[in-house]
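Across the two complexes that follow, chain A remains constant while its partner is chain B and subsequently chain C.
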Partner chain A sequence: AKADSVEEEAAFPPNFSVSEIKNKQRRHFMFMKLKQEKRKRKLELKKKRKKEREALGDKAPPKEVPKTIENQRIYDETTVNPEDEEVAFDEGTDEFSSYFNRLTNPKVLITTSDRPRGRTVRFCEQLSTAVPDSHVYYRRGLALKRVIPQCISRGFTFLIVINEDRKVPNGMVLCHLPNGPTAHFKVSSVRLRKEMKRRGKDPTEHSPEVILNNFTTRLGHSIGRMFAALFPHDPQFIGRQVATFHNQRDFIFFRFHRYIFKNEKKVGIQELGPRFTLKLRSLQKGTFDSKYGEYEWVHKRHEMDSSRRKFHL
Partner chain B sequence: MQHDDVIWDIIGNKQFCSYKVKTKTQNFCRNEYNITGLCNRMSCPLANSQYATIREEKGQCFLYMKVIERAAFPARMWEKVKLSKNYERALEQIDENLIYWPRFIRHKCKQRFTKITQYLIRIRKLTLKRQRKLVPLSRKVEKREKRREEKALIAAQLDNAIEKELLERLKQGTYGDIYNFPIHAFDKALEKQDEGSESEEDEVEDEEEDDEDVGHKEFVAENEIEESDLSDFEDMNNLKGSSEEEEDDDEGETSENEESEEETEAKGKSKGKTPLKGPVRKKRAYVEIEYEQETEPAQKSKAT
Partner chain C sequence: MASKSQSCSIWVGSETGILKGVSLSKQQAFNFCEMSCLSRDQEVCVLEWGDPLESEVLVGCANGTVKAFSTEKGIFTESKECGDATQGKFTGLAMMDGSLVTCAESGILKVWKEGCTDTIEINVGNGVCRMRQNPSRRSQVATGGKENPLKVWDLERPDKAIFTAKNVKNDWLDLRVPVWVRDIGFIPDSDKIVTCTGYHQMRVYDPSSPQRRPVLEAEFGEYPLTALSLPASQGTVVVGNTHGQLAVLDLRKGLVRGCLKGLAGGVRGLQCHPTLPLVASCGLDRFLRVHSLEDRSLLHKVYLKSRLNCVLLSSRNLELSGADLSGEVEEVKQEGEEDGETDEVWDAMETVTDKTNKRATEKAAEENAVKGPKKRRKVAKK
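The block that comes next holds the complex of A and B.
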């Protein structure tokens, strides 16, 4: 049968595709053959190119940069130019300006949804060790609308609510208090401290440094500022702790490390503290109000997820 | 003619009633006008020509009454009376309307009315509290997100990025005077300034203490630069490669030969210490470089 199919190949009409063969076995065989052919051709091409490159020696054209998703990313018009005055002006007058002008110190309240399970509770505790000046309170069925004015009256600047589903944290609402924006994230891959390999001792009380990577667009910029405002303005370098928020393809990875400089070209980092990834779902002006709030940005799956090369943060 | 007994005889026991739901112990009646919900002789709205119920619509309670006089007019059979929202007043209304009716029906009507008001109160209380909104997850989307997250994690190369950022900050001096590394050859332009600052610096961090004497500071700096051949960062490698070439050109081989002796001594010293992976590797790197330089003349001599 296989010999037959090889001979019959010549008799097939042009523009014939393997998927039109009705017989599964033969179709599979033809497809394998097609793949092998392709691979062979690719290998030949590669060899040829390599030979040419060697033949040219020094005069060879420089190696092409391979395409990565980051390279091919669709240019976002809201990308922030570092010297943009409009952005600088906005940032001078937005809700975080009081933090960045050192008028207020961050004070964070961490809580969960109703009836948290052990994992979420431990996650909250570890998060509170990572963020200095943070307090964990049990939710006990309180409505957020009542909680927020109380927090404001007690001088809190941030409210973090960890939402839990099936014993695992899966969402986070980060609300800047006096009247500031509320960001809702999807939380995934939560690793608690005891699950980390080769981790160090518990974080100390020193304020960590903050690293914000890859927050390029205007939206990313505002989210980045929000994260920065969680931590005290002046990090204590004696503590040698660093909290990193790294944005890659719209996923924000949070890591907490202790670093040590071995010499001026080498630094060693040791991971302590919890790690998790966030994905922004919505950004709302004003404090948490799901019914009447004004949404600055909402993730709409059908519009925004249509292209694999388009990212928003 | 309306023969209740005959009707009951048929639907209650012998034959089929479409409203009847049978379970192991009980028979229920699904008729919406039934007052107790059970299938009984007294509770069956079909088998009683004089009957009354309470029903609620959108939070409003009504008393429905059926009398034998209207049995022939199905459209007008049920008389609907709106009950007051006040509980006691409504009970009085029920009493007024069912004034000469059998005790059973009156009692059951009031019971039913009480139950209905109780559950209406509960509904009102619950709607004021927070409602948990269930959001359906699409399995396909979740899997897609998970896959993308993993790929993004790999692409992010977090450790490298963090280390790079920290070294950048060190270079830019955000740490001030805490770490006193002699900063040499990232930028040629900065070298002059840096040499000025280096000569002032006396201390080097922990592991470098072996290499260091006050007079030999320059050699120490040289060592550290060549050590970085093994560093992870491609960028740094490129930079160091270029800086090394420049320095080789500039400073000639003699100084490097001197350094080689020092380095082998230093290597010996470090071996005496408790072995640390970093320094030992660095020394090895050096040594390789120096061997290359030494063997070149040796080879030549052998050839000749």
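The block that comes next holds the complex of A and C.
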């Protein structure tokens, strides 16, 4: 009987899992072995499939596109169709029409919440170098509702308020001035110039070009136009600077680069300027009035964030 | 266009000046606008039925014109100049015995008689936000606004208000409580009037009782309540605020019965169906939503590309039975008519009703409402 049992291969009882071994070293060893086996099998399968594909040659089935969250995005019915007349009329006569009809030039006032600390102050200064015709003012504990009429009388078109929490900027209120919408964003991942690797020299006074990526829905369009209205109409291509607002999965990434065409096909870019991400929290019609203003869009986490594949911008 | 307008059961006015008709049975929305010339000063401020048979819709525009739209024919039949932009936007429109009653933000309430040029004019005070007509006693109208308390006027005796509400007592700091009446509703089968304020209060007044102060006061939320509507079932009121929260409040105790979810932008227009337990809401997020009041679920959601200002429900049955409902949406694109009408793009709707289920009762709607949003929408995109 003993000889028989020795002759059989030492086999684990069925329904055995690696986690049942009490000894940590042995358990770790078994798990590593299991993983290696799995990897080996996966590589073999891959090789086999590749061989089959080559063998079939032209008749091979097309390569499958992997599913990503952007691919699987639930179709948003508010996606703007470029030929839609009603939306075109709506956009042509909304609050930004005076900018887009070249009747006004942007003039931006950047300020913070009261008593800002180091990072926020430096962030504001760097932001003002990125946005042409912008002025940083110290917020001396003034109420925004009183600041706004004064800004309007001095001809400002935008008011940016960077909110600070625990010495770090975490919120931004972007208010279009004469009577325009107010957007409230959550700011995260702020990188100042000295924290950036391989950056170029400081931005010059030239107006940058503006790139707005992936603002497809109606709400996205409004926000995109808001960002576009921050910068002067005609970019000065001599400056070779570009500001990018890239929307992906409802997060808006702001980057500021300088580009140079090495030849017709190759471009080199240097990142300058601050880098931050924004997430829209609310869009309010009219100038800043959080208590009595009417909101065009409010982010409601429990209703809107229930699906991982649904985005609103 | 005539057939289209006849099938529309919900009418919505937008900020761009377009009158939109939504047909839930056909799952389509149509734009009815004059002469393809849109302008912001034609912004629709109020919508009201022109007659009890609901064959005419009165559209009040921001520039002071009141247009009559015939639902049978599908065109605007007449247009009347009732004031100008200096008086502010229309805050209320009513029809009384063939004469038109209009009220503007500056407080000028006018009664325009058919054929005559003379008008009865009442000044109801500055800063009016709303004027509503009593559905049971058509000669009574109520007005209210910012720092303008609720006043009930009888148009046959226009010199003095029948009832002026008194402000509540000073609050716990002995400060005067500010007044901002945003919307008014008349409770059927009784004398009572319910108002919602910009300071997130809901108040019920009883003109037949000796006290001029509110009989009941309830608070909801932290944002101004912008719209109010009374459903067919007694004892409740539906309110909406600027944050997009819709709530059903109880009128006996003043408690919140429940909230209707889904809106993302401020509510501008709210109306309950006269007989069915449905409520239609429209707002700044450019969607028209129809909720069921029994289980507070979303029944229909329609994307109408402009910001919406007001909504009007017809009293006929909104949804016909399952046979002609389908998940497919068709494109209807027509050339502009000679008289200038243009039917424009319909909208894909998130349909919730089941094709095969013949029982078109609320139960079916309920069960499908639960499953509905999770279904993949079939959209025929161009």
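Couple of notes before you dig in:
The rule is simple: the second predicted complex is superposed on the first by the 259 of 313 C-alpha atoms of A that agree within 3 Å, B and C clash if a C-alpha of one lies under 4 Å from a C-alpha of the other, contacts with A are read in each partner's own complex, and residues count from 1 in each chain.
Going forward, a contact is a pair of C-beta atoms (placed from the backbone, for glycine too) under 8 Å apart; a residue touches a chain by one contact, two chains touch by 3 or more.
Just so we're clear, the structure is a prediction, and the values are computed from it rather than from any experiment.
When both complexes are superposed on chain A, chain B and chain C sit side by side without a clash.
When both complexes are overlaid on chain A, the residue A:213 reaches chain B alone and has no touch with chain C. Of the two partner chains, chain C is the only one that A:298 touches; chain B does not reach it.
When both complexes are overlaid on chain A, the residue A:17 reaches neither chain B nor chain C. Taking chain B and chain C in turn and counting the residues of chain A each one touches, the greater count comes from B.
In the superposed pair of complexes, A:101 makes contact with neither chain B nor chain C. By the document's definition of touching, of the two partners only chain B reaches A:269; chain C does not. In the superposition on chain A, A:78 makes contact with chain C only, not with chain B.
Contacts of A:251 after superposition: chain B is touched, whereas chain C is not reached. Of the two partner chains placed around the shared chain by superposition, chain B is the only one that A:69 touches, whereas chain C remains out of contact.
After superposing both complexes on chain A, the closest C-alpha pair between chain B and chain C lies 5 Å apart. Common to the chain B-facing and chain C-facing surfaces of chain A is no residue whatsoever. Across the complex, chain A is touched by residues 15-16, 18, 31, 38-40, 198, 222-224, 226, 242-244, 261-262, 264-266, 268, 284-286, 303, 305-307, 344-345, 347-348, 350, 377, 379, 382 of chain C.
Against chain B, the residues of chain A that register as touching in their complex are 68-70, 141, 143-144, 186, 188-189, 209, 211, 213, 237-238, 242, 244, 246, 248-251, 253, 255, 257, 259, 261-269, 277, 279, 301. Against chain A, in their complex, chain B makes its touches with residues 129-130, 141, 145-146, 148-149, 151-153, 155-156, 158-159, 161-163, 165-167, 169-171, 175-176, 178-179, 181-183, 204-205, 207-208, 224-225, 227-228, 231, 236, 240, 278. Residues 75, 77-78, 81, 84-87, 89-90, 93, 218, 285, 291-298, 300, 303-304 of chain A are the ones touching chain C in the complex.
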